[in-house]
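Two complexes, one shared chain (subunit A), two partners (subunit B, subunit C).
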Partner chain A sequence: MTGVEFVPLSLPPLLIGAFAALACAIPGNFLLLRRQALIGDAISHVVLPGIVMGFLLTGVVSTWPMMLGAAAAAIVAVVLIETIRRLGRIEPGAAMGVVFTTLFAAGVLLLEQSDTSSVHLDVEHALYGNLESLIWLDATGWKSLLDVEALAALPPELFRMVAVFVAIALLTGLFWRPLTIATFDEGFARTLGLPVTALSLGLVIAAAIAAVAAFDAVGSIIVIAMFICPPAAARLMTNRLGHQLGWSAAFAVLSAVLGYVLAGYGPLWLGFENAVSAAGMIATVSGVILVLAAMFGPCRHRVGAAQAD
Partner chain B sequence: MLALGYNAALVATGAGLLGVAAGVTGSFLFLRKRALVSDAMSHATLPGLALAFMVMTVLGGDGRALPGLLAGSALSAWLGVLTVSWLSRRTRLGEDAAIGAVLSVFFGLGIVGLTVIQSLNTGRQAGLETFLLGSTAGMLFSDALTIALGGALTLALAWLLRRPMLMVAFDPDYATATGRDVARIDLAMLALALAVTVVGLKIVGLILIVALLIIPPVAARFWSDRADRVVLLSGIIGGGAGVTGALLSGMAPDLPTGPIIVLIAFGLFAVGFFFSPGRGVLAAVLRHRRFQRRVHMRQGLLAIAQGQPVYERLTLRLLRRAGLIRADAVATDAGRAVAAKALLDEHRWQILRADPRFETAAALYDGLRPLDTVLTPDQLTEIDRNLRPEAAT
Partner chain C sequence: MELDLATDNGQPRPETTRDDSPFAIRGLTVSYGDKPALFSVDATFPAAAMSAIIGPNGAGKSTLLKAALGIVKPVSGRVTMLGQPLKRALDRVAYVPQRASVDWDFPARVIDVVLMGLSRELGLLRRVRPHHLDKAMTCLARVGMDGFADRQIGQLSGGQQQRVFLARALAQQAEVYLLDEPFAGVDAATEKAIIGVLKSLRDDGKTVVAVHHDLATVTEYFDHVFLINQTRIAEGPTVETFTAANLQATYRGRLALQQIDRLAG
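After this line comes the complex of A and B, so read on.
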């Protein structure tokens, strides 16, 4: 594999996948510890009606209206879940199930009813994304990385994903102490006077932004996988939150890179002609990592639980 | 129904039976607070579907044969369920994390499988994508029959197992203490949900089938506090949504069946959410308003009896409407009488609450309840003996 082939065709998707995985895995750690892991699942389902509404309102397939629509839909979904949970006195899991399936169904129906046949907008695309198509045509080899003109032609998804990742990493660093305290002991955080409700809402919004940005580039299946699998595997490796974050970042990048390579080159090595879905493969690799962590991770057992072995 | 033709009627029957089975099965899961396990299960069907297609094609048969596909999907969904319970029992991860992990990983694996099929199957579309969102277009008679039979069978099994499942859903500890195998009953519950999921794949699709297992029980829960009625009602709601959705999409062929059924179920949920007499939002608002009025009325009357002026608008309006004060906020004769009675009641309560003999009655004090609805006339006389003369007048 030479730079001439690798840089334009494989480097951008690899980087986008890795940054998308990182941006989702960081908030995923906190969601996991707060037992809100499925929020990521709910958000990535409601993204579909959001982008369809964004498209219907503006009539063009461009990124910003759709991202705004998706973010709005994510917030609407979170508010609806809370409303149904509190006013209807329904347990959170079921409230979530009601909201995201309904919104997803509405999204599918809107999509089928509206005239979207002329544009590239369909359910499959929303689910698996299209990581493989994010190529960098202006690159001619490794030296293009120093060429400003060629760099400007990088897929815009890469810049967005990097920006979202940096923003989320900065926010996490900035709110590290309050977020940690509120995650582990909400009552204590409240007595310290920390804005617990605002922190929790902020976390969900940050997760929604990560999900929407990543969804645009890589499809919702990776988003769900990256919200849950790397943090869950990291949780089985360590008892310290800082280390857990590090492990989850490493697992996220590993899944993205390994998944992309296996999807792109694995079938060729086995003698097949066509590559398989990179999004699906990345999710699969993250699952394999989780299973390995669940079997051999040093902190896999519940504290005080009976151990069979 | 018959005007729509034989095929539409068949699909509607299948969807109805499926809806009833899903509503009934889902309500056990909902009462057990494990509704979202079915989400992991339904997404976990995809790799099995893809694998079954490949195996059947390699063996030289028709890869799209429904029974084979359903068997494959059932197998991988069961593997998904076992993985969820393995992860949540053997590691420190919560069930929600296990659900999310299984859901995304199995679905990702399934997508890999679909792309493999695409590259193997040059020229001919496998059509497995229709299982994502469901489709009734081009459904064969045998397919509809499979679905209807599967739905009916699941329903019968759920009926047989209803008692142990309810007991486990409500009180697993009690069920264990009475010698029932909770783990096995839980698995049976999941197996029924799995049957619904697999049977519903063709009509509703694997992303939305979970809605049929969750929304009808939640909607039914608004209308009753009795488990057997919730189960029954949930079956009716699910069946109704299934039949109506299938008929609607039969009349307008571009409407996909699954989303329509889900949206109708959600409509029924919304009706209960707003209008149910016990747990509905409207009823709660009305209850709150009524309570608010009682508090205002009582406070207004106490103020009148003690000769204090009333300024609060709502209180004034309520008193005026009841004819207890005049337009200039001066109490009428009737108003003074009612107010004196309210004050007397308050004094009696104070005595009662100071007296340890009336401890249980004192717990009922909420500042609103008239004491003569709590005590017998004899007890009231006893209390009155302690009233000071200035209060008794």
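After this line comes the complex of A and C, so read on.
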């Protein structure tokens, strides 16, 4: 394929997919180690009613009201989960399950009852995203990458996703040490005077921002997969947290690129006519990587059972 | 495996001004939901001594330490460390949690865990320099674990993990050391290594307070005991306080009488 075709049609979705995957995979590492990996799942579900409310209140499919609605829904969900956990004295996982299924269902009802048929706001879009449609019409080839006017016409999702990724990467670097200590040993972290509660809230908020931004661009299937699969596969490749983060980033990008290419061309190679959903294929590839890591990764044995020596 | 049980301390330590009691608790009350855990507990631990917190399961021993350190929020109570409110003294307190309280499958090496004890020096972004590594290695050597610096922590035995936790506390160069069941489920070599390090800390003038389970070793290891069963039962020097009557009051019939007689002589 030539640059004339590749740059406008494939490059933006590839980049958006890769940055979405990265933005989710980085906080995913810490969520996984804190046994909170499903919070990404929860967030990507609860933002649906928020996004619909944002649309209903403003009447336009525009980013900021919907992002604000999503953020509001995420906060409502966090408060609800905490309240149910305290009042009902039940497991946080159970509280999470109750809240996110209920809010997602409410979002679906809202969508069905409201007049959103004219716009591209529907359950399918929420789940699978619309990666293939994020094209760059002004591009004419590789040269367009140097053309300021053409660059301005890149899909706004790309800029948003890059900004979110950069912010998350910088924050993770800045708070690496306290975040690591608080994740490994919360009690000890408190005696060091570290703001343990703020760190854990900050992590969930960062995950929520990544989820909302990625959800808007690529749908919730990728969000859920990228929070869990690349970090889980990376854990099986190394016994050091820094290396784990590197592996998870590599797996995230690999999933995004390979998934996008396979979705677009895989069926053609097999003799079928149509391409399949890129979001679904990216999530599938990340799952396959996890399976391969679980079978062949060098650190895959459960080391919790101490080896006697 | 060969163990180096050297427990000498060649480390220079800063001189400190000594206040009355390095670790005092007043009216500490803690509850978990509706379940009361501690009722208005007063405790005063002496300086330059090894103290044991003793009581049956569910007596609130660990909770006492956690609440005193602000890990668990107390309903009421006041804690003074080194003559100051807890917050101002935290940088001179080292806490060794129960080994089972963390996930040892965490992706970290032994040296990474010990370096956590230097995090006040390292701050947010300072790089780990050779002298930080030297310090961490010295602490590992004091607990006989310097040969394991690059091991993943999950590959260690329980006793080795406990010694890594102690090395992390040593790296903090604190005045007060609070340990939650440091001898729980460890091998004999580890117990010997740990008690050697704790005694050398005491001989250096540090204050050591440990939640302790094994009544048989109390008189041998500890200078001072604090008996607790949701409220304070007794506290004082081991020889005066670790008596049959006090143990009976603490364990409320959960220990056989002849057991108590044997322990408390």
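Quick note on the criterion: the second predicted complex is superposed on the first by the 303 of 309 C-alpha atoms of A that agree within 3 Å, B and C clash if a C-alpha of one lies under 4 Å from a C-alpha of the other, contacts with A are read in each partner's own complex, and residues count from 1 in each chain.
Here is the rule we use: a contact is a pair of C-beta atoms (placed from the backbone, for glycine too) under 8 Å apart; a residue touches a chain by one contact, two chains touch by 3 or more.
This is a predicted model, so every value here is computed, not measured.
When the two structures are aligned on the shared chain, A:A279 is found in touch with subunit B, with no touch to subunit C. After superposition on the shared chain, subunit A has more residues touched by B, the comparison being subunit B against subunit C. By the touch criterion defined above, A:R235 reaches both subunit B and subunit C.
Contacts of A:A263 after superposition: subunit B is touched, whereas subunit C is not reached. Of the two partner chains, subunit C is the only one touched by A:F188; subunit B is not.
Shared-chain residue A:I135: touches no atom of subunit B or subunit C. Of the two partner chains placed around the shared chain by superposition, subunit B is the only one that A:I224 touches, whereas subunit C remains out of contact.
In the superposed model, A:L290 makes contact with subunit B only, not with subunit C.
Contacts of A:R89 after superposition: both subunit B and subunit C are touched. In the superposition on chain A, A:V108 makes contact with subunit B only, not with subunit C.
When the two complexes are superposed on chain A, the residues of subunit A that touch both subunit B and subunit C are 89, 235, 299, 302-303. Considering their complex, residues 1, 33, 66, 69-71, 87, 90-91, 93-95, 97, 101-109, 112-113, 116, 119-120, 122-125, 152, 154-158, 161, 168 of subunit C touch subunit A. Contacts from subunit A toward subunit C in the complex involve residues 33, 89, 174-175, 177-178, 180-181, 183-188, 190-193, 235, 238-241, 243-244, 299, 302-304, 306-309.
The residues of subunit B lying in touch with subunit A in their complex are 30, 33-36, 39, 86-87, 90-94, 96-97, 99-101, 103-116, 118-119, 129, 132-133, 207-208, 210-211, 214-215, 217-218, 221-222, 254-256, 258-260, 262-263, 266, 269, 273, 279, 281, 284. By the touch criterion given at the top, residues 32, 35-38, 40-41, 45, 84, 87-91, 93-98, 101-102, 104-106, 108-109, 112-113, 123-124, 127-128, 221-222, 224-225, 227-229, 232, 235-236, 263, 267, 272-277, 279-284, 286-287, 290, 294, 297, 299-303, 305 of subunit A touch subunit B in their complex.
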